[in-house]
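Chain naming follows the written order as A, B and C, and within any one chain the residues start at number 1.
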Amino acid sequence: MNWPGLRRVDKFLLKNQLAVLAVLAFVFFALVSPFFASAFNLQNLAREGAELGIVCVGATLVLLLGRLDISVGAVLGMSALIVILGCKAFALPLPLLVVVVLLFGAGIGAINGVLSSVVGIPSFIATLISLVILRGVMQWASSTEIMRTANSAVSTDHVFLAIGNGVFAGIPTSVLVLAVLFAATILVLRFTRIGTSIYALGGNFQAALRAGLRVTALEIGVFAFAGFCSALAGIFLASRLDSVTYQTGQYLEFYVLIAVILGGTSIAGGVGGVWGTLLGVAFIGILNNGMVMLTVDRDYQDVVIAAFLVFALVGDQYLNRRGETARRWQLADLWTPRQAKRR
Amino acid sequence: MEGLSTPAELARAARFQRARGARALFAWAGRNALTLIFLALCILLSATLPTFLTLGNWTIILQSSAIIGVMGFGLSFVMISGSFDLSFAATMLLAGAVSARIIMLDDQATVLALLAGPLAGAVVGVLNGTVVVVTGISPLLATIATAMLIRAFAVLYVMQTWMEIPRSAASFLWLGQGSLRGIPISIFLLAGVAAASFILLNRTGFGRMLYAVGASPRAARVAGLRDEAVRIGAFMICGACAGIAGVINVSSVGGLSAVFNISYLYDVITVVVVGGVSFFGGVGTVYGVVLGLLIIGVLKNAMIILNTPYYAQSMVGGVFLLLAIGLDSWLRKRRAG
Amino acid sequence: MTSAALRLEARGITKSFPGVRAVANVDLALMPGEIHALVGENGSGKSTLCMVFSGIYRPDSGIIFIDGAMVRPENPRHAQALGISMMYQESNLVPELTVAQNVALGHDPFLTRQAALVESVAAILRRLKFDVDPRMKAATLGGAQMQMVEIAKALYTRSKVIIMDEPTAALSASEVQRLHDVIREIAASGIAIIYISHALEEALALADRVTVLRDGEVAACRSTSELCREDLVHLMVGQHVEIVQRPTTRAKRGAELVRTMGLCWRDRVRDASFSLYAGEIVGLAGLIGSGRTEVASLLAGINRPDGGQIFVRSREVDLRSPRDALGHGIAILTENRKEEGLFLPLSVAHNLTIGILSRLRGIMGLLSPAREREEARAIADRLRLSTPSLQIDVRSLSGGNQQKLLIGRMLVREPDILIFDEPTKGVDVGAIAEIHHLIRELASRGKGILVISSYLPEIMALSDRILVMRGGEIVQDIDAADASTDAVISRAFV
């Protein structure tokens, strides 16, 4: 018996696997957990997802270049820490604080970019160093008296709280900001020379060089943007949780990686985009929230996440037909296998 | 239009073959840079810190380096073969937990407990290696994932909420806490692993093939070498070393906790990279790793003596790692033309 | 001829690198619309010269004029702005971007106007009679189509001079014809073209004039109607190289070692069938891209055939890896020794002994350094490998010595069937003769040898029998004694 529409539905499902997965996960958790579909949790989910999404937008661009940034979590944590300290311990004016933090994130990112493009350090190591240094500072700062008092005091600054917890026309502020950021990124990627250059750099480095693209500036800029995004998300997180620990943002980089790779951006660079990342974020956000709602053991959560990471990597490998350790770029992140072209 | 006769390459060949005089001196210094740095550090520190050159201090340096060093040797096997392994810290945890469980069940089963750790590590290493080599996924990301899995497995199935080695397991505890003629056992173990690594790398066919596979996996395959088996073997050794480190850790601390310590990952990578093992594969020596270990150990020791705060320590370590890798990458860029 | 009338004029271009003079005092003059072939052996300086034009290198001395105005290209981007663009050998396209984006890469305005871009690129493509939607991704294109896109790139930047580096390397015969038509078409509009190629007949057929470079200097610059292929070869090679002359007596042919039937692999090899006998040297000739290296890779176990059979000593075998092949006695010297042959960061001794590790065992089964030194020295001496020490980096050996090293490694396991793919590529003259001598000697000892070379005189001199490949098939199988260069060449082309 051949229902003609069945074929079409099947094709649609195949093409939009990730969206289907996300929907399925949502439905699953809604059915299984009584609290999942509550308005409160959904709002929470939206906010968490927005924060993750903001970081992922920046990370997507880094991956498109063929690089890796594992310092995003540390930058987010550090930014949150600066915000909490500045607002609750030193009562600095909020607008100034925001600007400083965003500049800080961009600055760390720019340093990563310089290390990766000018000095030629593999981006994994460069960002690993940033991560360790920032985490070190966070550990020290979180152990001081100032931090303890700042964390325990409840914030009275309404504006500050509104950032992370506020609603604008019914939609959480962080979601709105994500939407704006997302739209801006899409516009840049599709309609400007910068976007084309990013894809070119990631897709064929030699071609980009020969076409005269400003390779170094582009790489530094993309890393700086990723740092900016992490800092932005950090502000939202700080406001929402109203406190910070030295573990804030830990392991974020894994979630970010999974979301971006599942969303179709390849770790080899040059392939993918932010649309897919959005779906990836939705899926990972739902998955994460759902598992917490089901009070799944932290370690089982790790297993699920790790499994998905492997799945995403194998899928990326298969889709992009990479071989094993093949030709290596001179500047590149050598962890990504690339196809050696046989003549 | 390819071949060695392109001008840049002929020039390089000419350059190599003409090293004499000042060039030779530079070349010698470059080759022995690590030793020189180490000696310079020691001289500097012994001049400025009174307690530096004492036997007690050096015992502390070596002892605290034992775990890092053992894992460093293991990691260098994998790196020389052209891959990478970020899961060794998790493997260390698992192996330590297995070992601890056994000794807690029977506090006289020392030999079994001591062997079970490295064995578990080796098994994990084989699994790791198989995943990386067979699927061809980026080893970095793959081992991040396996690290999470290993750790979860350790916490869920092997560890208990409170793990403490009973006092009665004297021989087990002797390994990490005991000493022979004033030198802690763990230092002997470190030396043993170093010696074994040296023999494996330089005096066995496996070691030769490891370097070849790391230098050029394609050439290795064309030459008929079993590159996949060699690479999986490297992972197995790394896992076994992590297992040994785990046993030393459990034995010296007397217990185990599930807290994931990123500093291990970081320190081992720093030691290995400073020691001259290249990410690109095919390059690295045991002697280099030993020197890297000593240099980092001495640095840390100095910082502890000087009472530098924790975050500053990681920053100094970070700067060193940066310098080491920066130099390696920059030299590579220059060599590539 | 006044300078102003010339599209491109170069006088006295010299470029040296430490220890090597790549280009010496080269003059070149192109009229508008001229197709000028640039030929020469490996290392003759053609690519360096073109890289000077395209701004990758700065010349040590010499001047360049474009349409009478003196120019100094500082970098590739600047050269493009001056009107010089270069089509490289390896793919210069970004797979994920569209054809239009690739064509305009680096020259698009900040805000891309999709429609305008597509339209202008489409206009160029129409001019080239290249029927492809500019909105398609470059990844979907085939080799010949990619070349078209590269040409479109050059046209988009309004180039006055286009340098093409081996543009037909991966093309089929009909695609080559199409490309030539297109080249003639754009030349007719006034663009000057420098055409670098190893396919000498092709170059002669297409170009108006040809410059032959030898050791960095201009050996000749003539109109193509005055020359034939042999003249070119003679000019390229000069008096220096002696190809070992074929011995008048032929070695006796022994048993059949290898037979292939109907081998096919992807679309590179279609129905390749031939036999190889002990004691003979079979030369595999054909244009680049005809599938010779691929056939060799199938025999050596590097790739697995999609169809067809291989028989070794009359028994059918399934070669799944080079290890398998070595087990059957088949060894290969690949054409890119840096990627598939040498272990670059390792020492000479290490490279030499990697195949015979079991022989180096000493006490307790561990390798003995003394034994390694002995064995390595033995192999090196047998091949007359000249190196100050066996412990130095293999990178510092000359091309000839590197090849000899790889041959030595090949031989340690005493294979019966040897495949040499471009054995003298990038090898200095003295070593070429030694390698040829070695190959001869191996044949006389009863090995079956397959030699692949793009240099026809080498094939003619070495082989007892010649197989000509074209488009993935073996189209001719003749005794070398009966073959003439022309016959072989003509079979290699359509």
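In the analysis below, contacts are C-beta pairs under 8 Å (C-beta built on N, C-alpha and C of every residue); 3 or more make two chains touch, one makes a residue touch a chain.
Note that this is a predicted model, so its numbers are computed, not measured.
Trainee: Can you tell me which chain lies farthest from chain A, using the average of the Cα atoms as each chain's centre?
Mentor: The most distant chain relative to chain A turns out to be C.
Trainee: When contacts are scored as defined above, which chain pair ends up with more C-beta pairs, A-C or B-C?
Mentor: B-C
Trainee: Rounded to a whole Å, what is the gap between the Cα centroids of chain A and chain B?
Mentor: 31
Trainee: Centre to centre, by mean C-alpha position, how many angstrom separate chain B and chain C?
Mentor: 43
Trainee: Could you list the positions in chain A whose residues touch two or more of the other chains?
Mentor: Within chain A, residues 340 contact more than one other chain.
Trainee: Which chain C residues sit where two or more other chains touch them?
Mentor: Residues 339 of chain C each touch two or more of the other chains.
Trainee: Two-or-more-chain contact residues of chain B, please, as numbers and ranges.
Mentor: In chain B, the residues touching two or more other chains are 218.
Trainee: Hey, which residues of chain A end up touching chain C in the complex?
Mentor: Residue list for chain A touching chain C: 190-194, 196, 199-200, 202-204, 206-213, 270-271, 327, 340-343.
Trainee: Over in the complex, which chain C residues touch chain A? Could you list them?
Mentor: 75-77, 80, 88, 90-97, 101-102, 105-112, 114, 169-170, 289, 293, 297, 339
Trainee: Can you list the residues on chain C that touch chain B in the complex?
Mentor: These residues of chain C touch chain B: 15-20, 22, 42-43, 46-48, 89, 165-166, 196, 300, 302, 321-323, 325-326, 332, 334, 336, 339-346, 350, 353-355, 357-358, 360, 366-368, 388, 392-393, 395-399, 402, 409, 413, 425-428.
Trainee: Which of the residues in chain B come into contact with chain A in the complex?
Mentor: Checking each residue of chain B against chain A gives 82-84, 131, 133, 135-142, 144-149, 151-153, 155-156, 217-218, 262, 266, 269, 273, 279-281, 309-315, 317-318, 321-322, 325-326, 329-330, 332-333, 336.
Trainee: Hey, which residues of chain B end up touching chain C in the complex?
Mentor: Touch residues, chain B against chain C: 1-8, 10-17, 199, 202-205, 208-209, 211-212, 215-216, 218-226, 278, 282-283.
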